[in-house]
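Next come two complexes, and both contain chain A; in the first it sits with chain B, in the second with chain C.
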Partner chain A sequence: MAIAIQGQVPSDGAAKAPRPVFEIEGLHIDYTTEFGVLHAARNVSLSVHEHESFGLVGESGSGKSTLAMGSIRYLASNGKVSDGSVRLNGVELLGLSPKQLRELWGSSIGVVYQSPLSALNPSIVIGKQLAEVARQHLGMDASAAKARVVEMLTKVAMPDPEAVMKRYPHQLSGGMLQRCVIAMALMTNPSLLVMDEPTTALDVTTQAVVLDLVAELKREFDSAILYITHDLGVVTKICDRVGVMYAGEFMEQAGLRELFSRPLHPYTLDLLGCVPRFDPTPEKRSLVTIPGAIPRVDELPPGCIFAPRCEFVQPACTEARPPLVEVAPEHHSACRRWPVVPVPSEYLREATEAVRASGSEARDVDILVEAKDTQVHFKAPRGVIRAVDGVDLKVAVGQTLGVVGESGSGKTTVARAIIGLTPATGGDITLRGKSLPRSTGKRPRSTLREIQMVFQNPDASLNPTRTVGDAIMRPLSLLAGVDHDEAKRRAQDLLRSVSLPVSYFDRLPHELSGGEKQRVAIARAFAAEPEFILCDEPISSLDVSVQGSLMNLLMQLQVEKHTSYLFISHDLSAVQHLADAIAVVYLGHVMEIGDATKVLAPPFHPYTEALLSAVPLPDPDVKQKPIRLGGSVPSAMYVPAGCRFHPRCPRFLGDLCANEEPPWREGEGDHRIYCHIPLDHLTHLQAETLVFGEGDSPGENA
Partner chain B sequence: MVRFILRRLGFMVLTVILASIIIFWATAVLPGDVATMVLGRYATEEAKTELRHELGLDKPVPEQYANWLGDYVRGDWGASPSMDTVVRPVVFERLRNSMMLALVAFAMYVPLGIFLGLLAALRKNTWADNLISVGSLAFIGLPEFVSGTFLIAIFSIQLGWFPSQSAIDPNASFLESFPLLILPAVTVALTSLAYVVRMTRSSTVDVLQMDYVRTANLKGLPPRRVLFVHVLRNSLLPTITVVAIGIGWLIGGLIITESLFSYPGIGRLLLFAIQRRDMVLIQATALLIVIIYVVANLLADVLYAALNPRIRYT
Partner chain C sequence: MVEPNLTDESFDTAIMDETMATEVLGPEGGRPRPKQWRLYWRRLRKRPAALVGTVVFCFFLFLAVFGPWVAPYDYQKQDAKLRLDSPTVSHPFGTDQFGRDIFSRIVVGTRNIFLIGGLGTLIAVVIGTAVGLLAGYIGGMGDEVMMRLLDVLLSFPSLLLAMVLLAAAGPSSRNVVLVVALLYIPMVGRVVRSMVLDLKNKEFVEAARVRGEKRSYILFREILPNSLPPLLVEASMRFSYSIFLVASLGYLGLGVQPPSPDWGLQINEARNFFQIAPWVLLFPACVIAVLVIATSLMSDGLRQVMLPGGGRN
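Let's turn to the complex of A and B:
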């Protein structure tokens, strides 16, 4: 079943100017290191026109940031552009002196960065930092520059610009800061705007607002945009054309729609397959995996650099490196076998397998873990922080409960309360109907064994001085009570079951990649043969292809071992892919809970509706109704009266919402919504938000 | 900001009171009977009792302490048996000397240290950086009595430029005493220079890698402006704190240097008082040194808060 989400989409870009504003031709970027010269980008070319945005997509290590920064000649002292040409408005950048470059930076070239908080100087007020650009490049005096800053902040829809100018960066939220940085970059109406993952550090809801803003500014300003991102969903919101990079080279370049509907390079095809489709059906399918890892630029294979991981490889592929050539109008591919690359929808069906026919049929299964009216309140100097404020959840045996919400919603604290790391201050947590002591210290070992956790950041959760083997053997000897030889044997089995070579047993964490470390963390969680594993954003910090393979791993282990999961994520696509049931959490309280298929179809809680409309779906043809949330999650110290969501609610009714706590409205099955608006009314209001299609999958909408 | 300073002031008073208890306990209560020490072992019991009464020693210890602290706050610091004079003017004269020495040393090593640290950071991993880092490190390990002795050997004995003893005249003005201050000040500066250099270098190296420095560069600002407006503001913060805390040591802690050059500073006065077991003088001097340290720390906190908007009003 497919969804067609209606509403506004960014325009396809204005009419193309005859000549590109920004052109990169045959660019080579080298880094001199102690191990020799690394060719970080090799023979790359691209061009961007006025009002157009070019998406530079790739996983980490693909060289996308190196290319973007190198093309505007901002490289570390050991980096240099060794060959090629970069032209901005016809002016060759490679021949410019440092002084001439500084005249272009900030005036003809604006840059927006990944983390706005670290991109702004912490000890200078916002207004001054922005005014600096106007003074430097527009020759304005202090008062003219100030007026210009106010004007620009107004253009990026900043509420109360005058007040914001007096603030320091740490006093503003991420979304506000990114607006300031965008205002700063556009101050001089630059010909080229480089945006380096500008929404990656933001919440989904804030990301949606910023993406809307960029789409709008794209129409208003003449700038050509070079948009760097790893997120295929974000690309569809902003970009007109997309280039897919891999280990320092372009694999494919095409218009947005062509690339998504008819990719002509196997790597693009695989990337599209790694990302879960938004397809809330009970059937669970695996995701496409790409074997191996992105090669280091000093260990490139001969011939096509993707060949070792490619499914369509032929002996000829490994002999000569295929150039990027125009294989269809405006469509470039570096694959010599591009005619055999299949259409994504067919390929996805073939390359993936059904992991489980259905999760929701077996609704009568036993409840494993239940949290009843759970509270976690912290005392702070100026009040009480109500991090978790009356949460009710149930996790069924062998199933996954997905928990979603913005940062600050208390989803991690709920998990920590269930496992006992942060003892609950109220309510009851039961395992198979038996009440558990609140803190880990008071729980018997048998209980500790049954509940395990996988944390977001494997770098922080694995002891850097302990080998992989030690990490996995620890719960075996501590909780499963087996002797050393047996523990070692089982640890090696576990390594195999998370698809790591047994030789990793004696390695230290720093010798592993991020995805491999998370596999070790998963193996460790499974070591004690728990019945329940809490996964706290286990894939968020990883590359898309690694995310896909880890989601496959989690699903496969669940089927094999019949383990239950609580899967926390801010990524609704990942949650809908893995979860049988979903709980939507806001400010320490569940807003909506129920079967995944029920939660993801109307009626929605207005918060769920806003989250759904904010997820950037990796399909340019899906239309989402733009429902945007203002501001950010308030502090849990000042929980609003009435419905705690009312100050941000797009469907706010009035005094009722502001003063009275909403009722739980019962939907189908155990679907429940915490809202004043009756369910049939919500269904009616939200008919437009999500419209189910005629049984075709979203990938085929092209 | 006012609330912040008031709170720190409150902590400061508490620290001084705590320190005064320790000083009083260590000097007045611990080492046995004062009357016996003053009058000798063969004094009559009546004489001792009378003296104890005179000194207030027959009262309970907390009352004695309260009286002493009250007198101290009122400015009555008592009379020193070993110097046979009222203590306060002597201590204040020595404090003035110490501050003069501190000022000269401070003016030598702080600007130089910051300059060298910046240079090393901007020329990271070049010969200039290595030279500065290794050079300043060499002096950190060199005790004052070694570097001071070398300085005396070269500049006063060999070259005869400066006197080897710096017993300045209490009536001389700062300018008249200045030549006598140079050698001890250089000795102190050599030891402290490395801290400033290393702190400045490491924080500047860190700040140069910050995203906001990249932002400043890609705004097209001239390199000078990037350095002075965007880098220094942040990179000098830790250095300023270290330097401000060091002021306490610079005024109250130079016992070795002062002794080496026979400089009449407050550190040497404390040493003298301890050698003579002059409890009144020890108490007065030690408490003053505590106050100097505490004030220096307050200064560091306030400076840091004033320069760093992120911790203001906390």
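Let's turn to the complex of A and C:
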């Protein structure tokens, strides 16, 4: 009897607390660089269980990729694990020989990288590459391997696996490729799956499909998942537990819901506050900002590494480095003052301020810039690329028009047509009612002065050989026509207004961080005091905390200078945070346009609805109806007949959509939807699309 | 002429170091980095081959400037008693068929090769840059026409073309300079053009267009300064090839004429005595080889130091 009981107890225990598959203990990782030895990860520990996914979250430079790759001993030649222990199924990885490691990598550890296109060999067909894994690590012969590949591709929901196997990587879309890579990584049913930002390079709609897939595979396979991401929204979709990293150390580890509802480290709290909450109201509030920047790993402060930027800092914090301790069940924090960390909702109200009460003047203001039936068509050898195909937009004085859409929707081309970098081939663009010449070169100085642009890539938007001061002074002397001394004085003022120290005046761009470069680019755009600034994804390539502070800056400058923006982004959260009006574009055409509050509440255009249900919101309590779009945006050379969205539309009606161009349906105010389905019908269908949790204010549907 | 293979293992590690460093240090600058040339020097120090190349090159450069004062003898002084004398302490490289000191002739001849090769390269760089900038920026038909013209020049084997041109124009130092320049314009032009194509759609150039800058301003103030590192690397490569070319032309008798102490010419004059007095030919040949190798090591080093991303900034 006793034996039977003894035999049962551990198995019972195992069922309640699943066994840890992957454990890291006190790991240290160093890099030898030309700047000396850098301790990129210091004394980090974590464990991932079966069927569990552990989210490794942090901004760039936090060491999350280094930790993940270092723990499976897959480091660059100048990196090495200097101390600690890593166990996979109880086997210590740090002592293994290169040969043993290689066997382990393919069979027990699968890795999915950020860019699927570079993870696959472009000159070998998909089927062969995947079969290779089965043959190498599962010892299968050619036909068994092929069967296994078909099975795996079916499991990752790949339509028509047999056909896909004969394709080369370039013949598949990003989402399909990432599914192939995931199939490849799961081929051997590995104990550990490392996913390094697998959806960052994908569109929101595709990202949602891949995230659904990963969540499902997590249940089906035994693998423990180590999921690296910078996106707090993505974390809520698939992670069970989350570790927040900062400058090479863990700040906090907790279950997903605990972490989001009751963070016990100021850094986590601030990170949550940096991300715009999905709450489209006319009132514009600032976001939480974290002063300073993440420290370099070779210049860490002596005490708590977050202390210099922390709002709750006490002198004691700067003396000794607090260890990561369990402060609540299954909840670890590296803050010695964790009991005083406030509840997020209270903190967010206090730490942010209303920048602009409401867009009250929205109605009767005059229109500053208007695009009427704008077309940008490119001639290609085999047809015409209709990048922008009849877009109507209006931007009011002092307001922001947000433009959203997937990549390939033509949103950037619209902006370039308005500013004249890519001349429109049809339609009319007006500034205060006056028609503008189509290309920049033909526009008079006075017009150029009034329209400026902030570009997407901060690294390319400043000339690497010119100083910051030079970059800002040039538009002043060229467009505003001021003399050198005056230009210098004003450039210094501009530096201050974008919250950069005046000492940056003589710096070269490579001495600045990405966010700082973008601030200089914003200062340069504002230099000649334009009326209208086009922002082409100005924050997309930056870290969340930097994104937050740049959005604050843009908002604040808008209020001060009464400038109008056209803000382009694929990120609906950012757009709804900044914009007074929103235009949703698809394949060179506006699908829905109107006041932000109207566009983001039912009725939606089916495309807007799909985007809304796909956007990963950093709030585990929001319920989003899973509406997923198949395929990807078609080439602008072959625009579908009828409604151009019909091949992917989840609410496709039939022949009507496929053959006839939809009418503009007028809603409240200037809200317009380009769809065959009547508005009241849409409202009825879409009541459940986005439901906020109980903890949230019901102000959303107002 | 076969382009040397420029990739090697240390090059790859260099890139790796670089990317890993940015990844670990994060993008947050907020503080001045060491000056660019200091960074270059730090990287150069770690590459012994490049360092040796640079030192040897500088040594030859020194000879080119101060050769006549360094040389122990007058390079023209003939000594009938010491014809084809083997290397001794007083004549370390031996003497030639007229009893002239080979060491002195080599030392004094350095200036010749540097002047002709250097001047030719310089002209090629200036004209090539202008052509490349223009072709790359205007694009379309103009670009097409200019590049095809350059292709015509490139399609001839360079030595053959040089011989034909010099045979027609007559051998002289000035003509050698012009021929070197003509031969290298296409190569420089292509490098600059590709840089322009890369840079002209960069966002900082678009920002300049948006504020209505003139075309010349965009070319010379926005694009050209950013093309300088690859241009410098290309120029140093061209110079190492030009040494080779000038020496070859000298050997073929199409370059400078006797009694100039040109290295190629020396080999040409010495080849009849090669079997009885190998040093007459050996030393000038070795010096050419050493200088060519040193220069190409140096330009390889420059490439690794200035363009660690593999040629793209």
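The rule we apply is simple: the second predicted complex is superposed on the first by the 668 of 702 C-alpha atoms of A that agree within 3 Å, B and C clash if a C-alpha of one lies under 4 Å from a C-alpha of the other, contacts with A are read in each partner's own complex, and residues count from 1 in each chain.
In the analysis below, a contact is a pair of C-beta atoms (placed from the backbone, for glycine too) under 8 Å apart; a residue touches a chain by one contact, two chains touch by 3 or more.
Note that this is a predicted model, so its numbers are computed, not measured.
Q: Considering only touches as defined above, state whether A:74 meets chain B (first), chain C (second), both or neither.
A: So A:74 only meets chain B here.
Q: Examine A:200 and indicate which partner it touches, taking first as chain B and second as chain C; both and neither are also allowed.
A: In the superposition, A:200 touches no partner, neither chain B nor chain C.
Q: Tell me the contact category for A:464 with respect to chain B and chain C: first, second, both or neither.
A: second
Q: Examine A:115 and indicate which partner it touches, taking first as chain B and second as chain C; both and neither are also allowed.
A: First partner only.
Q: Could you tell me if A:375 is touching chain B, chain C, both of them or neither one (first, second, both, neither)?
A: neither
Q: Who wins on chain A residues touched, chain B or chain C?
A: The larger set of chain A residues in touch belongs to C.
Q: Once the structures are superposed on A, label A:66 by its partner contacts, choosing first (chain B), second (chain C), both or neither.
A: Second partner only.
Q: Per the contact definition, I'd like the list of chain C residues that touch chain A in the complex.
A: For chain C paired with chain A, touching residues are 13, 16-17, 20-21, 23-33, 42-43, 46, 202-204, 206-207, 209-213, 222, 225-226, 313.
Q: Please give the residue numbers of chain A that touch chain B in the complex, ascending.
A: Interface residues on the chain A side: 72, 74, 101-107, 109, 111, 113, 115, 118-125, 132-133, 136-137, 168, 170, 181, 184.
Q: Within their complex, state which residues of chain A touch chain C.
A: 31, 33-35, 38, 40, 59-63, 65-66, 76-79, 293-294, 296-298, 419-421, 440-441, 443, 445, 448, 451-453, 455-457, 460-466, 474-475, 478-479, 507, 510-516, 521, 524, 528, 543
Q: Given the complex with chain A, which residues does chain B contribute to the contact?
A: Its residues touching chain A are 210-212, 214-222, 229-230, 233-234, 307-310.
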